[in-house]
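Before I ask anything, here is the structure I am working with.
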């Protein structure tokens, strides 16, 4: 729990602004808030430096809106991932500053744009079809206060394309590499830079790509030592960890 | 069946050199020879341009020696793959010109060294541990009458190593790429050359490499269009197909 | 980069036909052209002997059209694979000589029909349902300047059907075998011919065929030594490699 | 329970040869006999037409011997599968007519050699290394009163070898096909004959054969309709079912 | 090829009913008939005792109708599996005696109802949802001239249900057991009878049934020795093999 | 069979209320009732303490209604799982006291609400998306006469949420834990309580969750010794076993 | 933490028997004790009703002995699983009442034999080879204060063997079923009883049993609703949970 | 290539200390050095901030020693992973300051102990058996100039053990979590801290842990957003990336 927030509640209570029951409930809610179908985890912001992001997939519009509201009451910036334009319609009716990002299928509100990153995060894709996942990573990192460089469609079958970006890569504090099919690009990028590389396998491919398994295995077995891996299509996770690494 | 061989037998019979039973049996054996535990396939030489190679794994020394003898009666060059030094000891007692190749675990007799290839075959490995499989490929191709170039330990995490060999690769008629772990090298090589690339996944790696599955999947999903794949650790097959492609 | 193309640009600049900025940009674009969502790889034509083919799956109509346009500016023949009739409608409005191939789901423009192949490529299917993948292979090879023979529905459960085509097979420079279910046909064909066999597993089958895995494994484990394998349903890849093998 | 055996016990009791307790216990044991670590299933002979065969793997010598003894008390023919020469040593000390079959790793006692089969069972292997599993099938069928033909090493990469045996195959009542690697032979054989084909995948192969999975999947997906499949390396099961099919 | 059919053609030719070209073509077609997208395998009827059945899945209505017509010209009984009511509409317009079987998704024409079976075939299901696959098996066997008994919904969790049918099972010449989920029923049935049991795994189940894999593995590992297995949902194959076993 | 029910039938027959045929049929039906497509297992209630629940998935509305009617004739409480609102419409027309539970997709009739449990059952979910499966478990347990506590959205990434419910958990007789993704919650709960924990993996997740496999494996490998596992999404099974454990 | 134990320490401190440092350390250790390579979890006894059992596999003799000593200082009964005779030798030198159980590969000390179970636990195996895992379950349950019945070798292929034990099964409070191969026995037992069934898949089998996966999947997909599953070969876990269910 | 090293060589040449050939070769070797079986990648130190570490598995003693020598000529600190005491014997004969680390199976020479990390790296294990992999991570990080905290045996089934270390975790710059079995610990740790968590699955476990797959999948599907994953047992990789994150 955040020390300042507790003090604020205590002061409001002492000054008679809120009664005892309200004060106690608010303190309890600093940890998490039980809204029936979900326990909104306000404490995570303190523990992880960012509010709980809403994973939209498998949740109803009402559930998303309910959680969104609780989070926005306390935090300037909130993200919804894996959602759709309909949910955005509902959200925007209430929060007119909400943005819709078609490619990344994300909704966000950004009210605090303080730069928090020490260096630059570069996001790279092997192909054109990997861009949606890469955009999810890039937007997440930007929302978390980072400068982000985008480098699209530089897969290993045309190796000169990635080599042409060597300088950009070597000036980054962390590189996110998004690739489907054989997932070879993180190994090449990993060998070119002296910073952490976060590899994101995508479900792009066909036949024996098995929905991203081929790329995932390729990345886990990377011969470059500076590569770690997140789940298939998990652009958000990559952007999140990159932000933590890049934090001042 | 080979036309000339049939005519030879017919002539020998007409001239009384061999009796009818012998002649009939020999003709029948031109197709294959039944030696109990195996049907030695002499006809395959005509069909595929090379004698049946003996796959040593899972066969007893006696079985290997029996088949070897039948093949060598008719062909100048014979190969045994996946064998060991003990079998070699037995073979060499009879055929003093038999060679033992430790790294590739092969025995061979080469009595006809005619060059049959139109160009050059290059064999490339990602790492040091891939060399045994690569040697199996290289020796197979040499035994089948080809000039072979060897390029070892040029994996993608140090991309300048393979780029330094670009000219050599681009002058080859076919390239064999042998790699374990993430199996990314064939995609990079495939993008550099305008000839067929035969990818050989190896069982080198650990953890989620699953005995070569990661490399195999990586190669099957290669984003380079000129890559085809053979079985895990199948250096022999790669050398064999490369020889067929390179044939004058 | 292609020597002649560079010289042409340099001459145009010297003669004052284009200014310095234009000349520099064109030279840079000889390698690849960055159009935002894609880096069109013009250099691959020199490296691999054919323009980058557009893999249509997972790309929007606009993206396909954009890449198509860039490629056709420089190359007489362009292919789009895994696409649909709607994309064809858009393309044909601009390029009236574009062709639509329903079975193979391909669009192509062929303006240069020079024959480039040394021999003949034969494409074989095990069943009727494998024809779409086989057509993709056959059309790719034809577009790349080869004569192609088609042999449909000769699966191993009626072995006399493939045996009846033995002569045709043995006169080919390379054979492509397309099969689903158990994927046994490449082994039989491989045993009949002395040339490379490219095996294409298809996702045809049900139950334990697992979308083509059974056929893929069957082909990787082929007991015929002259068989290499491409990804499930990858007719294009097979046609491409066959063309490289057959090149004069 | 067998009617005659019950009557024999009842008569022995009535005639005072055995007392009531003994009679009751023997009747109860006609179903199965509890010897502590195992319930020997004498009733299965009536239900399935053959005594319970002892699966040797994972059982101690003492356990095998104990079950063997109980079975032999009631049945003229008993089989032990997946065993070794040491167990045979122990068995032979007691039962001097016990036979050891090295290749198939089986022990058997055959005291009743009545022919029970209507026709002939043919056992076929794709390669030399498949012979041990095939011998297990052949010996099982012979012990169960059948005439058996053996055809070794006729894999599909030399298709003329199996075609040469067409007549033999077509005169069989049932065919067992034993194959590793891609497991293609059952489909070819299935297309040649009008009788049931029992396919036995073996663990022979390497790399992507995955200990017999490739062959198993190939056989399950056979395009020949008369093929059924048993477990990997399960020669015994194939011989057993073939015997039931062939029973007069 | 069928001796009688050849003689009929020869006689017709000798008697001037058909000219030489027609006669030659007909004889050639006795083996198989090439209709472009398919090679209709008339010879299989002689080899396997039944015409080639049309596997409807993945074929167009036109293709099905084309093959159907060719088969029905020569055979009294023809089956189409995995098809739908629309195809049936097309077929029935031409062949008014064609039947549609909704549950089994089969079309058939039966003009010859000679009984060919020696005994009875019993088809058993574990659950209600397995009935469609079981009906495919039962109808196949009936079309091939067998008497068939149906026993539905006798899964092992209510073991008395299958035990109540013991007598029926024991009087069968062969039993087909169709089951999804854990696939345990074939083992229980196998232990109750002394005849071959053909196990058909179905894709019925959820979660870790993985579309029938759990049932398939259960059946392959059956502890009853008289069980063989066909592909997931392959009711047709089971009915076909059962008919061959039961043939007089 | 239930002793009382048999006596009732016998008495009715003796008193002339029903004739002999009817009586015999009813007695036979006490075991199970054959209604063509299903054998309704009335005896299971005696054996397992609850009527056969109808698994709705893969059954037609008519089939469900038919089985439902038979069960309700003899039992006060009946459940249908994995069904939909349309089936409910049909059922409610006849049984006006039938309830529809949207989240759990269940229909039930509860006419006997006797409490049968000794203690309390707690159902816990890791996330909001796991609630439908958890509701299936909770409703099953309530229908079987248990008091149930629900604790939603207490996944391990906010560990204080589950710790806050420690007392509730420790006062339960059995705990059901429902989780997707990595399936870690059962291990944590298992370590907090001294009672059996039933883990239910859900298909919630994406990428390498593989439809619940990741969660399933996590639970099977739990380092807490008091955890057992049911099938993916099998809320019903978990509720059923929990009821048996909690029975007075 | 246990209330009584804390009070004892406090009293000892107040009475001057131990100094403040010792008292504080002992209280802290009530939770867990850090011995360098392990944190011995004394608190788990209170939470789960039994001391932490030592999983011997992968630990050195010294590590096992170290943990064993710490546990025995506080608890009368301690178990070591998956260990060997050598470790037993070391343990027995210090604790002469330690017992070695060869079949189950367990060491135990039992100083308190109070009966804690309400009813009886029955442990059942499908085959002879499953006995070691079953003994691990049985011994665990006995050590935890339960009466245990053992029923060995009653697999489903001889269904009368398990039916003969129906009464015993129906009088149990919980049944543990241990089976390899197809893992069908739990479904049959589940259908016979009205109590929880804990299924333990074993790695017994060969070929497509894949080290217990076939049995595991069979059990997870059981059509009996009262079955839950533990990890492959996890006899200890089954015995542990059964004890919790059976607790008075 | 490193600017300073090039200047040193140039100066030495200008001053006549080395001749032209030597100078050219040394410059070329700055990139990599070809020693036949390996291309030692000196340039990687500049690109990644650390010399190429030698992966010992699958290399001969001679190969390891050869590479080791080349690396140590240029770098003060060198690591060999996955090696054994015998190799250490050979190495120590030459380099007396080489250290052997039994638990981690590593050899290292550390001549430069400058602290390079900004904060502290904490390495955590779930169990005692995970310590060897964790030690590999810890030693790697220490060799690369970091302060490391070790926290062993704090798995989630005794959740208070990890909670007791909350403060230590929250003061770390990066946390490495090493766990086998269900791999749940990284999710719990991830929820407690606001820094990157690197998860290392280990092959510890049995049955359905499948050599670390269960843990790997658990970690990839972690519900904590700050978790990335490396290959199974890849302690080295985790230590390497943690060092890059922690670098000042």
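Labels for the chains are A, B, C, D, E, F, G and H, by order of writing; each one numbers its residues from 1.
To be clear about the criterion, contacts are C-beta pairs under 8 Å (C-beta built on N, C-alpha and C of every residue); 3 or more make two chains touch, one makes a residue touch a chain.
Worth saying up front: this structure is predicted, and the values here are computed from it rather than measured.
Undergrad: Identify the chains in contact with chain A as well as chain E, in label order.
TA: C, F
Undergrad: Could you work out how far the Cα centre of chain D sits from that of chain E, in whole Å?
TA: 28
Undergrad: Calculate how many whole Å lie between the centre of chain B and the centre of chain E, each centre taken as the average of the chain's C-alpha atoms.
TA: 43
Undergrad: At what distance in angstrom does the C-alpha mean of chain E lie from that of chain C?
TA: Computed from C-alpha means, the inter-chain centre distance equals 38 Å.
Undergrad: Indicate the whole-number Å distance between the mean C-alpha point of chain F and the mean C-alpha point of chain H.
TA: Once rounded, the distance between the two centres reads 50 Å.
Undergrad: Where in chain H do residues touch two or more other chains at once?
TA: Where chain H meets two or more other chains at a single residue, that happens at 44, 157-158, 191-192, 207-209, 213, 216, 220-221, 225, 231-232.
Undergrad: Throw together a list of every chain pair that touches.
TA: Between chains, contact exists in these pairs: A-B, A-C, A-F, A-H, B-C, B-D, B-H, C-D, C-E, D-E, D-G, E-F, E-G, F-G, F-H, G-H.
Undergrad: Within the complex, which stretch of chain H touches chain A?
TA: Checking each residue of chain H against chain A gives 44, 46-49, 53, 170, 191-196, 198, 216, 220-221, 225-232, 236-238, 240-241, 244-245.
Undergrad: Using the touch definition up top, name the residues of chain G that touch chain D in the complex.
TA: Counting only chain G, the residues touching chain D are 128-129, 131, 152-154, 157-158, 160-161, 164, 204, 206-209.
Undergrad: Which part of chain B faces chain A closely enough to touch in the complex?
TA: Interface residues on the chain B side: 126-127, 155-159, 163, 181-184, 187-188, 190-192, 205, 207-210, 213-215, 217-225.
Undergrad: Please output the residues of chain A touching chain F within their complex, sorted ascending.
TA: 31-32, 36-39, 41, 43-44, 57-59, 63, 82, 201, 203, 212-213, 216, 231-234
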